[in-house]
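Structure in structure tokens, see below.
Chain nomenclature is as follows: A, B, C and D, assigned in order of appearance, with residue numbering initiated at 1 for each chain independently.
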Amino acid sequence: MNQDLLKIEHLSVSFKNSKDQTHAVRDLSLTVKGGEVVGLVGESGSGKSVTARSIVGLLSNSKKTAVSGRVLFKGQNLLMNQERKRLNSQKIAMIFQDPLNSLNPVYTIGHQIREVFMVRKKMGKAIANARAIDILKKVDIQSPETIARQYPHQLSGGMCQRVMIAIALAAEPELLIADEPTTALDVTIQAQILKLLYQLYTTTKTAILFITHDLGLVAQFCHFVAIMQEGQIVEKGRVSDIFKNPQHPYTKGLINSIPVLGKKKRLNPMPLYQGGVHPNSSCSFFPRCTEIKRRCEKETPEFIEIEPGHFVRCHIEDGVSLL
Amino acid sequence: MKKVILKRIVSIPIILFVLSIMIFSLVLFLSPSERVAVFVSSSDAMQNVSLDELIKRYGLDQPFYVQYKNWLQGILTGKLGWSNSAGMPISEALALRIPATIELLLTGQLIVFFGGIFLGTIAAREHNRFSDHFIRISTTIGISLPEFVVSLFLLILFYVRFDLFPPGRLGLAATDVVYSDSFFNYTGLHLFDALLNNRFDVFADALRHLVLPSIAYSLGGLAATVRLMRSSLLENLSKGYVDTARIKGLSDKAVLNKHVRRNAMLPLITFTGMRVPVLLSGSVVVETIFDYPGMGLFIVTAAQGLDFPAIIAASLAVSIIIIISNLAVDVLYTILNPVIRLG
Amino acid sequence: MPGFFKQIVKQPGGFIGLVLVLFWICVAVLAPVLAPPQDSTDPYMIARYGFSTLPKPANETSLLGTTSGGYDIFYGIVWGSRTALITGLITVFFTSIIGVLFGGICAYHGGSIDDIAMRVVDLFMSIPFLIAVIVMTTVLGKGLEKIILALIIFGWHRYARMMRSEVLRVKKMEFVLAARNMGAPPMRIFFQHIIPNSIYPIIILMSINIGRIVLIAASLSFVGVGAEPGFADWGQTLNFSRAWISGIPGQPFYYWYTYTYASIAIITFVLGWTLLGDALRDIYGGEIST
Amino acid sequence: MKTTSKIARFIMLSCFLMIIGASTDVFSWTGEIKNPDVFVEATRNSIETLDPHFMLSTATSCIAYNVFDSLLISETGEEGLSPGLSSRVPTIENGLIRIQKDGKTSITFPVRQGVKFHNGEVLRPEDIKYTFTRGIIVGAKSNLSLPLTGEGSFNQLIEKVGLEKAYQILDAAITTDKESVSFHLLKPFSPFLDIIADNGMAYGIMNKKWSVEQGAWPGTAETVKDFVSLTTDKDALHDKMMGTGAFKLQAWQKGERLTLTRFDDYWQGKAKISRVVRQVIADNAVSVQYLKRGDVDFFALSLSDLQQVEGYQGIRIVKNIPSAQLIKLNFNFAIQQDKYVGNGKLGNSGTPSDFFGDIDVRKGFCYAFDYETFINDVLLGAGQKPYGPVLIGFPTANPENPQYTFDLKKAEEHLKKAYGGSVWEQGFTLTVPYSAGSVHRQRALEILKANLKRINPKFNLELTSLPWAAYVGAINDKTIPISIFGILPKYQHPYAALSYHMSSTEFYAEAKGYTDLARKKYDPLIEELASSFDNRKVKELSYELQRLSYEDALSIFHYQVIGQVAMRDWVKGYQIKPFPFLVDYFKVYKQ
């Protein structure tokens, strides 16, 4: 079951505007196996959303965006042609960060769910309606009939996110991309949504690419995690390995800045992000790295597998840090 | 929402009352002999009538409030009084003319509304490319054309040269049918009446006569609706629900037509509503050139002849049309926009 | 401010608009030089060459020919630009001031005053403009100042309506609440904070209206209540050509000069101001419907 | 780029199509007659009313011309009158006109037998008596009330003698017997026959029984009081017509169009056209387009339209139609209020209010008007310079009558004498309004202004335009210094023009403030002219009055209207009438 569902190879996305070019994603490679929950973590602006959007082809196809590399979904390269890619992306579903904004204000909830069944499965209106009602039950919405007749602006954020999940489930996807689904919600609702996602994951075995900036959620929810910084993956591996012995300075900094109940120690937050990359070494963490080695200034670090399935892009084995 | 509509309806009589006083007070500026001129429509008529005798007969030299009182009594008892410039009771004149103007208004607004949506969508899709600029510049030129030169050119070209779209409201044969007893005028709008009486020849004839005036009528509004539709579309395209729709597997065209257009159209409705007063006053030029017997022409002849009962009755009628159309547009907007309806 | 003009010029429409507007401003300013008036007491009266009802094509005395009644077209166009600008600027100036103050203050104050204000605006909005002007000019008599008066009385409500919606939007913004609880008097807030933030759409409306007023004046002349006959006004010159637009049998464009020049003048003037207004709107980005 | 090229191509194509279409006559249409048995006439002025006794403007009374018939018929161009609904023309010789010694005159009209109304009823003498009596009772002013009752209008008679007495006088003035009707005048009044011979325009005979059924005056003494000075909105016959004419009323969509259908058993035979539509079109330019396309058959042209249609394929123009309309500039001898006279004193900020009381001022102005330029440039030749108050083509018009011509030297000579020379030294500033949109009024004043300026730079005439209503009001309030109005004689007799222009009780003398001059100098002559049935005497008196009008320079007679009409070339049988726009549908047909 768990052969490679989604394989991203050397994906890089850059946006040209009049003055200069910004590289949102630089040479990113990641694989998601069937039935696996993979976390993609990073600060805001690290390119995680751009990666997700490029997978499902939501990037605007104007001349200004340059996308290269390959995104194989069950062997098919999704980047080849937007239209064709979206057809087979019916196997992929996605939920977004701002649930209120991602539902059409002029249509009822029922209509927007029915639409998935009618478009994809060419169902009649009545059957689609019934399926929509029981999908709503699945995402444990109490009175689905009334909710189906209501409009998005009449629902709370949490409720909308449940509807979004319902819409995603309606497509019976093999891969669900969740782009920071809980960030816009307050903590109590966040827990309910995550519980719901986990419950659905266990029943339908859909692979989930979980994009977040909250390491706590990753620890609790994902099997495998990749940490992004400045459009590049700096460390990836099983969650247990990463949390037990983080190798990359950036990962260590992230883990140290998680407040833990009961621990009295002061947190040492990471130095501020200045932007920009060191001229000759393309290591993006260089300006903020606390364990700079001599090699760091000269060579670009490559992925090293320090333990099975645990890769890190850093010259860690040189031991002594210069600072 | 209901409270707002109720307040608006209550304010209508007050507005109309103030309006009638405003117009009637213009009488103060005029000497009775100036007002009697309405009875003398041409220079030779001066010869066969003694104006002073007419002034006494029609009571034009009575004090202002007496004249206003008589007029007000007339209005309240449904008698709108007599229009000398049109030579018939005002109620009869309005019954003839209002449907004509409404019909022209509807067709003109339809062109502005759907033309705006169609061209606006193209302009938005071809964002900042050639046809976007072409549509915007050409429609902007559309506003800047002096109305009556354009109308006259349309008339000369499409009527005299090609005999495609004649002016006037109905052809000779169709007018006979409409005014014959077998034809029942439900609404006075020839298009609907023709359908209700299932006389498709009259329908075709009425439509043929409406083409040119409604084009001239809609020139002014098209640029604004195109611009509004374009910016509204661009704004909606950047919204989240578009991504959801695309993820659902809908093609680009389906996303645009089903989801985005319905949201983008909303501001267009309020805008088209706001254009009604502008259109009603612009109708004078179009009605004159295309010999279309509407309200504009009626009021202008009344105004030039200082036929006060007609001016007031007609202005009140036009104001009622405007207020009702504004109300209708607001109600339509709330129905189509659930956020406000159930807000 | 130069940055402001650079932005306008960057817009495709903006550039054309600016060029046209500046062109007509120069023509208006240089009017006495371009077309010296016959009797200096009243330069706005178009120079007359004879009284013939037939329009005459361009000849040595009149550069672009004469309209029916012997009015020199060139003189009419040049001095007409001055009339158009003056009418436009005065009308827009007063309508915007009344509109901004009336609409703004009532909206800012809110409550019943705002309601009454809206009813008054409804009243003025429900009077069809051209018909109101006709009744007024028929009663008060003809002349440019009467037209301007009528344009002002029946034109300010558009600004009031727009100002009200802008003020309602800006009023709720945090910086206004902050200023208020810092103890600033309401009037100071209104003039210091509210107006600068809501004046932008008004400027756009003003520039578009300057253009549109020329069109309204033209339809007034068509209906016969425009400026004095013989007064230098584009609508008037155009109205003289009314019977000659369809030319003579066989040569439909025989009297082309009677309406072409005046139409081009009106089109370019209105186009200039409208494009300028559109460019301002695109810069401002807001979605404003005039 | 798919859509853009599609739009571009479509627009290029349509522009190209328009330009070739506009510039060539390739599509202009020739061939079969449009709606062959219907005669469509376009006109600018809508009809005020269908009641002949309320019809004021000639444009409206053209309808009455075709729907009613009068006792006698007068044909343009032919001398004298011919029998109409009266089987013989009364003259002193055939005994139908009897003048007693005390001046009382009675005129008897034998009624033509077997004439049917549109509803089939036969014409009876009672109908004729009812028509004339009702005409005087409800009418605001009638030319017949003076000879029949001695007062200008029925209201004046009521003021003098009270309602009962007034009705008795009126009732006694017209008597009927089995086959004839007689009118008893207080004193001989020769224009009487001409007045009532207007082919149904104002004195068409109405059907009494039908009119009473519609709610008009029932013809009894008691009911007279409700119908005196009736207003149009209470007039039962406002939108109905019942006459004996060649056409009967079919429908009247007020302000839009009026349709007549043929009256088959008309006493002079059946008309050729079966139906007539009179379409109201506000703008002349539009009517011209209708004509070009053939949807309109006939249209009375204004000057500027002539250019557009002359030589157009399929359109026939009839030019130089003399019309019974003379236009003149009238001096106001006593200008009321100071609206137009500034401070009321000579100099560059006013003019004395009795400025035109001075004969030399009037003569100076008459010589300062350039008649040729006005007729050739402004009217493009469509006008004649009249001899005097009696119109060219009307009986007793005197071609040798002395006339004022354009002569700046003579004008200067008179103006130097005016006010003992102070007009020449101090000059004057007079504001003269004209009616907005009236090109001929504006141009006439502009010519006068330019020439006065050339004579003496201190003479300045300021021009301003007034809406039509204000212009008519100003004339009625006597505030207007120079008004431009005309004379439209409704019948041939010179009394029409001369009394209207010079009699002290008529419009102009009163409006222009020369009533005492008129009473002293003109009234006796006009009285004598009215009462004499001897044509030679009438001619002599008419010449004398025309000379006096010249001598006292009452007005500047600057032109007599010449009309022109355009019609599709399939319209046949159009005859010249006193007014160009007057069409006798009885004789017209389409082929």
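Please note the rule applied: a contact is a pair of C-beta atoms (placed from the backbone, for glycine too) under 8 Å apart; a residue touches a chain by one contact, two chains touch by 3 or more.
Computed from a predicted model, the values in this text were never measured in an experiment.
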Remotest chain, chain C as reference, centres from CA atoms: A
Central subunit by CA centre of mass proxy: B
Whole-Å gap between the CA centroids of chain B and chain D: 38
Distance from chain C to chain B - Cα centre to Cα centre, in angstrom: 23
Distance between chain centroids, defined by C-alpha means - chain C, chain D (Å): 44
Between chain D and chain A, distance of the C-alpha-averaged centres to the nearest whole Å: 93
Shared interface positions of chain C, touching two or more other chains: 138, 224-225, 242, 245-246, 252
Shared-contact residues (touching 2 or more other chains) in chain A: none
Shared-contact residues (touching 2 or more other chains) in chain D: 22, 283, 285, 289, 467, 469-470
Pairs of chains satisfying the touch condition: A-B, B-C, B-D, C-D
Complex contacts: residues of chain B adjacent to chain C: 7-8, 11, 14-15, 18-19, 23, 26, 29-30, 133, 136-137, 140-141, 143-149, 152-153, 156, 160, 223-224, 227-228, 231-232, 235, 267, 270-271, 274, 277-278, 280-282, 284-285, 288, 296, 299-300, 303-304, 306, 311, 314-315, 318-319, 322-323, 326
Chain B to chain A touching residues, read off their complex: 239-241, 243-251, 259, 262-263, 336-339, 342-343
Sites on chain C touched by chain B in the complex: 12-13, 115, 119, 122-123, 125-132, 134-136, 138-140, 211-212, 215, 218-219, 222-225, 235, 238, 242, 245-246, 252, 259, 262-263, 266-271, 274-275, 278, 281, 287, 289-290
Residue numbers on chain D that touch chain C, as the complex places them: 22-23, 25, 283-285, 288-289, 302-305, 307-313, 373-374, 377-380, 436-437, 439, 442-443, 446-447, 464-467, 469-470
Complex contacts: residues of chain A adjacent to chain B: 56-58, 83, 86-87, 89-90, 93-94, 96, 98, 101-107, 112, 115-116, 119-120, 151, 153-154, 164, 167, 171
